[in-house]
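One chain, chain A, appears in both complexes that follow, with chain B as partner in the first and chain C in the second.
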Partner chain A sequence: MAAEHAMVRFYLMGKPHDVPKGLTIQKAMEYAGFRLLRGCGCRGGFCGACGTVYRTPGDYRLKVGLACQTVVEDQMFLALIPFYPAVKSTYRVEDLPPTSDTLISLYPEILRCVGCNSCRKVCPQEIEVMRYIAAAQRGDIAKVADLSFDCLMCGLCASRCPAEIVQYNVAILARRLYACHVALPAAHLAARVEEIGRGVCEADLDAMVAAHEAELRRLYAAREIEPEEL
Partner chain B sequence: MFYEPHMLESIKRVEATRNERLGQQFPRLTADEKAALLKGYHPDYKAGTMRELAVGPNMGDRVPHELADLLEGQSRIDPDAVDLSRADFDVDILVIGGGGAGTSAALLAHARGASVLLATKLRLGDANTMMAQGGIQAADKPSDSPAIHYLDVMGGGGFQNIPELVRALTHDAPSAMKWLEDLGAMFDKEPDGTMVSIHGGGTSRRRMHSARDYSGAEIMRTLRDEFRNQKIQHLEFASAVELVLDTKGQCAGAILYDMETDEYRLARAKVVILATGGMGRLHVQQFPCTNHYGATADGLVIAYRAGARMVFMDAIQYHPTGVAYPEQIVGQLVTEKVRGLGAQLVNDQGRRFIFDLETRDTVSAAIIRECQERGHGVRTNTGMVGVWLDSPMIEILRGPGTIAKALPAMMRQYQRFDIDMRNLPILIYPTQHYQNGGLLINDQGETGIPNLFAAGEVSGGVHGRNRLMGNSLLDILVFGRRAGVAAAERVSKVAQGDLRLDHVRSYQARLGEAGKGTGRPSPMLLPNYVRLETIERTGEAARAA
Partner chain C sequence: MRIPYFPGCTLHSKAQGFDASARAAARALGIEMEELPEWTCCGATFSMSADSVMGLVAPTRILASAKEAGKLLTLCSFCYNTLKRTNRVIATDAERRRKVTTFIEEDYQGTVQTVHLLEVLRDDIGFDALAKRVTKPLRGLKVAPYYGCLLLRPAEEMGFDDPERPTILERFLASLGCEVVDFPHKTECCGSFVAVSSPDAARECSARILEVAAKQGAEMVVVSCPLCQYNLDQAQREVRASSTRQTRVPVLYFSQLLAIALGCDDACLHLDGHAVDPRPRLSTWLEQKSQATVPA
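Showing the complex of A and B:
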């Protein structure tokens, strides 16, 4: 087995492990014998459980990746950061105005940002974290929502912030404020909910429930397909 | 990481046919053609992959071996060693599972004044909900209606779906969407507030709503944020290893196992809502899977032991487009939204072989036929085979920048391996994605066991034999909400007897009498991906079980 593959040596929290070349960090750990609990969630790059920091020889820089999406390299020196303590305010989003005052009153530490850009450098999604914190300071809720949208809430930004900001919790507040108060509500959705409330849809649904399979198959085969809108 | 030379050769053929394919309508299959294709090539019909259950409510029904091994496994507790007289938690409602269904149920029950405890195996939000990319269906446009949605769901499920559940799903869909909109979930919208909506496989109307391609993540993180705002009691890294019944045969709580400290705790509840998700990580027929680490069928196992009935457990969904290359992310999801936006499936010669938005079972069967029988797949150097999903078509059809805007997660996933899906097609093959079946529930989410509700992927019936894209996010919200409400209303009516684990004893005894016990510790809790060699070397054979 081992002879068939080129091997690499990585160091997990300082301890060396030899694994075949080409594995993700997550699979390399499993190959080495670790049965994961903390630090493993969706295994597909969506949940933020496996934020990883590492260094490679001859480079002073701290590098980052998700263990499930990053290929292990020879001489990689790494640690997972599956959890980082955070502050989270509680609120009723429907009662809050979408302003900088709201963000600053719930997370006053955003004003302490020193502009070091450590958050951006450590983000495994390469999100412009510092820029959205700047947008938060000036109350540009739409900008915060847009820039932060792909955030996995892994917490690496907060782990590096000298101003002790928990950026991702600011971001989700801003996104909820945006969707709740800035974006216009979907008129067609409200109309349909109102129709359903009035019982308008009941008869058609009842007829469907009552239909025999043969009738459903006939209706299904005869469906009109709404054209694509390009 | 980049494509191998022979793959680039094949890509040239894909590019050569692209212009001619752009405006081409590929015929949809007739009902008979579809039935024949499924029978010939869908993995559910492969001989030798399932067996009849030996005991329990579904005795004699066929389920995949991988699931049967767990259903006929060994309980992790000794009922005689558990002190049922002292509960560590005593609540109105115990919710097991912290994904979209469990969190929705907890929020609704909490809002009605019930005391709620939510226990989840990993972190709150660690669930397949978080990974759902493409979108959520709801008939909320003027050209659409719940009845039209109903017909699409039934057709997708092979007309086997349970009508009352489909009615609930399609009836509540707009209300569920409105709830999310009011909570501040950020759906894709036009400037005037109109929801952006496209087709999915098997839809007759454009009713797929999305939040870029982080649709499930956006829903889950919004629900989780609200859950935390409401300060609802919850336990993370606490899995349920058995349900507890009472002397009247009602569900009355669960034994929780702390995954970090190895402690067992008794949670007593008047009502239990099971929202533990599916069985993707059982790797049925050794398929790779798209699922979350914790998708190990735990809820099915403990509910089945307690006497709950399952439906459609022989119907597994293989998502047509799992990653086939690069090797590091094989099996991970390529959202159906890629096809919804116009990308076509083509073989090694750049030829189409199926209408791209047939239902998932059909498209998967067609891809398997193309690769296994017709020999028109592309083989990678690690032995994977797949067909092309011609993603650059999206930018041609909908304009440059569409992929960055509508599919940022997909683009990022491939960019991490130096593949730019805006310029080059991506190689895909079907991957295990979803259990179409599950615990039988009624339209309020109640199972056959009094005071035991189930919601989300652990439940079954609403999708028949094949779920449509965008109906899983919908399912977890609709039935999570319904179960939360119904459970809260039930609380005051419950007269609980003394707590018992007799069902565990009797189930194990029947299994022993039938000579069918596998001895596998079950529920599984987590898959074991430590390689066999490592296990043998370290002498931890028991851990491999």
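Showing the complex of A and C:
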């Protein structure tokens, strides 16, 4: 019989657990007996529910990752930060002008940024968080939207900010303002919506509803996932 | 000549005329102001706290990003004051230098010289040479130079000009052909950010400066600070509405007059939006005369 699985020991909130090597933090927790109800969403690195902070021996640096994506290491000390209290303004984005005054009036704390860059260091997506807050201060909505595009809203930036800024809520406001007021409307999208409204897909959908399981399986396997060129 | 340029937040928002006119004028003089690819707020005020280094972090990172060129150009008096004084701390205080540079993970020894555009005009171009580059001399325009506080003080740290009797703006204005109006309040405080907490007190400071300038015959006041510009200009809107004071003196950035005198495109001036419209008095030198017909 092959050698036993190599094991690693990790510490969850101080308590040691021995788990097989190679598991993600999330699977390691489940192996150790936890049932994840919160702080666990898509399991695919997109939803941002499982932000995790950890340290490893001999290194003062705080490390970060998503529990569903990060492989557990021997002697890792970790804690999940599934939720962090945040301020969130309510607004009708259609009514807001895309200016620095809008961002500053809804999130005045962005002016408290001292430029420490702690947000950037803790971002599991390696987003230039401090830079987009700087852009927000001067009203460069397009730049905030662009720099923050890959944000999963895990909240780790807000957990580390000495100025108590909730960066990701500022960023999503900027992306909404950008989409609503700055970006040009996509003509092909409007055309497609109109086409669908006219019922262009109805016949295909009806055929699928009527199809048997074997036919659906064949269609699914043969589907075109993404065309080479649009 | 290319110089790394730190605009600061205000020059990207409320003071776009300062930024655009300076860039256009510098280009006309063969100076390319290269905006730093990435920058944050400088902190807006120099941190005077001796037991905290947090306020030094952002300006030090900005300075370090210009270390290859060794020079960093800025326009706003607040940014200039903050960057220059921070650099002095980094260059002379080994303990705070070690703390800040370890924190930002940059090897920076305080080698960058922060320069103001007025210094570049004086030292690299020369005011005599500048006068020869002027295509539209502003003859007959009576201008009072207003320095405020932060360009000059604290004098031993800023080393910009004589804090009591500065002359750099006077020499600059003379090279454009202006008639320079001397007035005793040119280094008084405009009220600065007291405008937020006690607007009346700040308005009083600004109104007095303007009154004295006007009494000496000034038709314009020039500044190099977005907050001075705001306070002096707004004070006239508000004082006029609430009291008997009737001073009407447009307040411009020095770079706006420079751009006009060098024949730059009017689009860089952003002369709209002033509480006291400068366009009527400047109409002689502006391309689009129709602008000047907009009522003040």
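Quick note on the criterion: the second predicted complex is superposed on the first by the 183 of 230 C-alpha atoms of A that agree within 3 Å, B and C clash if a C-alpha of one lies under 4 Å from a C-alpha of the other, contacts with A are read in each partner's own complex, and residues count from 1 in each chain.
Just so it is clear, a residue touches a chain if its C-beta (ideal position, glycine included) is under 8 Å from a C-beta of that chain, and two chains touch if they have at least 3 such contacts.
Given the structure is predicted, the values throughout are model-derived calculations rather than measurements.
Novice: Thinking of the overlay built on chain A, is A:G139 touched by chain B (first), by chain C (second), by both, or by neither?
Specialist: second
Novice: Using the superposition on chain A described above, determine whether A:Y31 touches chain B (first), chain C (second), both, or neither.
Specialist: First partner only.
Novice: For A:T102, using the defined touch cut-off, is the partner it touches chain B, chain C, both, or neither? Pick first, second, both or neither.
Specialist: Neither partner.
Novice: After the superposition on A, what does A:S148 contact: first (chain B), second (chain C), both or neither?
Specialist: neither
Novice: Which partner, once the models are overlaid, touches more of chain A's residues, chain C or chain B?
Specialist: If we count touched residues of chain A for both partners, the winner is B.
Novice: In the overlay, answer first, second, both or neither for which of chain B and chain C A:M130 touches.
Specialist: Only chain C; A:M130 stays clear of chain B.
Novice: After lining up the shared chain so the two structures overlap, which partner does A:S159 touch, if you call chain B first and chain C second: first, second, both or neither?
Specialist: In the superposed model, A:S159 contacts neither chain B nor chain C.
Novice: Please work out whether A:M208 is in contact with chain B alone, chain C alone, both, or neither, and reply first, second, both or neither.
Specialist: First partner only.
Novice: Under the stated touch criterion, which partner chain does A:E224 make contact with: chain B (first), chain C (second), both, or neither?
Specialist: After superposing on A, A:E224 lies in contact with chain B but is clear of chain C.
Novice: Going by the contact rule set out at the top, does A:T52 touch chain B (first), chain C (second), both, or neither?
Specialist: A:T52 sits against neither chain B nor chain C.
Novice: Show which residues of chain A both chain B and chain C reach, each in its own complex.
Specialist: Dual-contact residues (chain A): none.
Novice: Help me check something: in the complex, which residues belonging to chain B touch chain A?
Specialist: For this pair, the touching residues of chain B are 1, 30-31, 122-123, 125-126, 128, 130-131, 138-148, 150-152, 154-155, 159, 163-164, 166-167, 170-171, 174-175, 177-178, 181-187, 189, 191-195, 198-199, 204-206, 211-212, 214, 216-218, 221-222, 225-226, 228-229, 231, 237, 259-260, 290, 292-293, 327-329, 332-333, 342, 397-398, 408-409, 412-413, 416, 526, 528-531, 533-535, 538, 543.
Novice: So in the complex, the part of chain C that touches chain A is made up of which residues?
Specialist: The contact residues of chain C facing chain A are 9, 12-13, 38-41, 43, 54-55, 57-58, 61, 103-104.
Novice: Touching residues of chain A toward chain B in the complex: what are they?
Specialist: 1, 22-24, 27, 30-38, 40-47, 49, 69-71, 88, 90-94, 125, 145, 149-150, 152-153, 172-173, 175-180, 183-190, 192-193, 196, 201, 204-205, 207-209, 213, 216-217, 219-221, 223-226, 228-230
Novice: Where on chain A is chain C touching in the complex?
Specialist: Its residues touching chain C are 100, 111, 113-117, 128, 130-131, 133-134, 137-140, 162.
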